[in-house]
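Before I ask anything, here is the structure I am working with.
First chain written, first letter: the chains are A, B, C and D, and each begins at residue 1.
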Amino acid sequence: MKHARPLPSYLAQRYHGWKATTFEENHAWYRRLANEGQRPRAMIVSCCDSRVHVTSIFGADQGEFFIHRNVANLVPPYEPDGDRHGTSAAVEYAVTALNVAHLIVLGHSGCGGVAGCHAMCAGNAPELEERSSFVGRWMDILRPGYERIKGKSEDEIRALELEGVLVSLENLMTFPFVAKAVEDGSLTLHGLWTDIGEGSLLAYDPASGSYKPV
Amino acid sequence: MKHARPLPSYLAQRYHGWKATTFEENHAWYRRLANEGQRPRAMIVSCCDSRVHVTSIFGADQGEFFIHRNVANLVPPYEPDGDRHGTSAAVEYAVTALNVAHLIVLGHSGCGGVAGCHAMCAGNAPELEERSSFVGRWMDILRPGYERIKGKSEDEIRALELEGVLVSLENLMTFPFVAKAVEDGSLTLHGLWTDIGEGSLLAYDPASGSYKPV
Amino acid sequence: MKHARPLPSYLAQRYHGWKATTFEENHAWYRRLANEGQRPRAMIVSCCDSRVHVTSIFGADQGEFFIHRNVANLVPPYEPDGDRHGTSAAVEYAVTALNVAHLIVLGHSGCGGVAGCHAMCAGNAPELEERSSFVGRWMDILRPGYERIKGKSEDEIRALELEGVLVSLENLMTFPFVAKAVEDGSLTLHGLWTDIGEGSLLAYDPASGSYKPV
Amino acid sequence: MKHARPLPSYLAQRYHGWKATTFEENHAWYRRLANEGQRPRAMIVSCCDSRVHVTSIFGADQGEFFIHRNVANLVPPYEPDGDRHGTSAAVEYAVTALNVAHLIVLGHSGCGGVAGCHAMCAGNAPELEERSSFVGRWMDILRPGYERIKGKSEDEIRALELEGVLVSLENLMTFPFVAKAVEDGSLTLHGLWTDIGEGSLLAYDPASGSYKPV
């Protein structure tokens, strides 16, 4: 792999700062985590977006959350076709190997993936319709959400961000091991959405069929 | 989505703590990030493992890193077949839409996914060979790495963790837009591996063909 | 004291979150509590076990409960021999200085101390019999309970957890100031046991000589 | 045990409230904690005082902290004499059976135990000098601290609260299993003090030999 380059020095410097402080303060715990393995309480599915820091929002201790981050925090439906499904693999590992107690899908404002999906579904982004567009094909997962919110909101992109979380939760329930764990009470699902500029956090409430502030 | 449940109260409490402190201290910056969009300098591919906190290791500020986390921090090869490829979508978005300057793959010690892959390739985990195993099919990406390290190390799992980072970097180079950005100098690739219990960080050095401490 | 280390940063962060929210919302009350001193209504004796949160179970407000937590929520018999008796000091302070109205002993399922006592009394834990075993000598308090439940139950450890609460209540009555307060009606005793996994709460009912759901 | 009385109804009511909300929201996690046992990261030694809520200050999740609460958050010196030592048993269990990574002693303002110790050592509380005073004999642990702060401060009681945390940390180091774990890096000690009315939190800093705000 001749293309690898040295780590940019500002990152090397920050690493050494972390090593000398945070790691040093916590090395007894980190060593235990290394020896005994992880036992996270929850899995969180969030976006790759650089503005979403789930560990910060939830004051995470090392070892608390199993975190999968992908474009637009999507979970595809269950499709055991022998192909590669990275998100499904993460969900399978969290639920069947780690037995997490909570599975949280966290959406956010200003999501580029959701905006692209909206443009594509509205006919304004033909390049995303192409077979070779990885982002387009990935955002196909959210098409059913677009059909449900289309024409029903003044801010369709925002509506699609909120709907996307529900689509992912619904897809999660198509995984037999997720449905079983939810039904036997060993796993609970949670749908959240955060506004990056306002710092607010909403949770989906099935009783009212709407999102409410946490 | 009738299955959604309220957020556990200890997480709600932590969120409110974050809102009143970290968010409050930074809200001018967060508002700018919300209004102007993200402009991350680097993409990091790391593992979902709850013990790996890339934001902590690199003292990440909000908005700095576009982070994709999947099982065993893998990147599959380029396959524009019209199917869903979540990791490829994340890479495509980071390189072509966000124009990140660095693409970092970060492996780690004690990786459950890598250990599973090793067991599968060594013939000790038939359940992972099944068509319906999402983890097994996902870890197929690392099979070529197993072939290269097999029988050459006293600690094959450790060797496979290190090799896995190189497999992902090689696969990255099969994406035309990655190869082009690397060749025209607008993108650099980096292969890292961290030991959770020791807090050490190694970087792959192509000149020596080995990992060196950062 | 050269061995003290800085507080792990995730705890410092959580503290600042609490300060900015819970403390801020309640500071008038906290200041009064600081100026006027505590006036708790009840003392609770519970286990150190990290899974038992008495403040949570009883929706405790700051200032409500004087809480002593030790291994297996035990109270030793009255022994004014001039030696150090931390639990007896806590009981003395609560009853004679604070005049609490209720004294609650709260046992729980899966108690490691009780399980150790059972193993020791059954002859299966010689290391706990050693003079130098603090846990063993502490759990000696529960030996009379073991004699009473031995051979009378299919689940002797569970039986010993329930019996341990009664042993502690009996021991409490050997303290002259406790017996006097109980007799003059200024103090009532209560024996509880909670199942961690089920969230149930049982209270001892002297009329039937058994535990009943609260 | 004929003296047990039913739980006061306001507490029964609060329990039912907790059961229907917090427990219900978290029962998947509580069941796992029940089945798999606790794995707390830290032990905290704090006071029984009703105004000190360590779980609240540190946003504790169920299962995170092994908490021992006694009068004045004291740890006695190592004394393996075959007598009952409840605090030593708790420390032994946390360090040798649970392998906690941190041991935190948390003092606080307005501590009645410390004030009593000060009065006793200054000759103003003869009743505490009596052999039969459990509080007096317990507070003897703090006498060495009184000798060190006497005449050196305008607020000797406050000074004694702060010194008491250091006395406990020093005593902890007399336990062979604590000293060994500290020396091999698997355990770190921390000395904290909180002001109830101000909500502040100080940590002892050995480099300067003084307490600093967290």
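Quick note on the criterion: a residue touches a chain if its C-beta (ideal position, glycine included) is under 8 Å from a C-beta of that chain, and two chains touch if they have at least 3 such contacts.
Protein names from UniProt, one per chain: A, B, C, D = Carbonic anhydrase.
Quick caveat, the model's predicted, so the values are computed rather than measured.
The interface of A-B is repeated, with over half of its contact pairs matching by residue number, by C-D among B-D, C-D or A-D. Two chain pairs, C-D and A-C, are compared here, and C-D has more C-beta pairs in contact (counted per touch definition above). One finds 41 Å separating the Cα centroids of chain A (Carbonic anhydrase) and chain C (Carbonic anhydrase). With each centre defined as the average position of its C-alpha atoms, the distance from chain B (Carbonic anhydrase) to chain C (Carbonic anhydrase) rounds to 46 Å. Once the centre of each chain is set as its mean CA position, chain C (Carbonic anhydrase) and chain D (Carbonic anhydrase) turn out to be 14 Å apart. With touch defined as above, residues shared between interfaces to two or more other chains in chain C (Carbonic anhydrase) number as follows: 5-8, 13-14, 16-18, 22, 24. Within the complex formed with chain D (Carbonic anhydrase), the chain C (Carbonic anhydrase) residues making contact are 1-8, 11-12, 14-19, 22-24, 27, 30-31, 33-35, 37-38, 40, 42-43, 48-51, 53, 55-60, 62-71, 74, 76, 80-94, 97, 102, 104, 109-110, 112-113, 131-135, 137-141, 166, 169-170, 173, 182, 188-192, 195-199, 201, 203-206, 214. Residues of chain B (Carbonic anhydrase) touching chain D (Carbonic anhydrase) in their complex: 5-10, 13-14, 17.
Taken together, the chain B (Carbonic anhydrase) residues at the contact with chain C (Carbonic anhydrase) in this complex read 13-14, 16-18, 20-22, 24. Taken in their complex, chain A (Carbonic anhydrase) has these residues touching chain D (Carbonic anhydrase): 25-29, 31-32, 36, 39, 41, 59, 61, 64, 99, 101-102, 185-188. Within the complex, the chain D (Carbonic anhydrase) residues that touch chain B (Carbonic anhydrase) are 21-22, 25-26, 29, 59-62.
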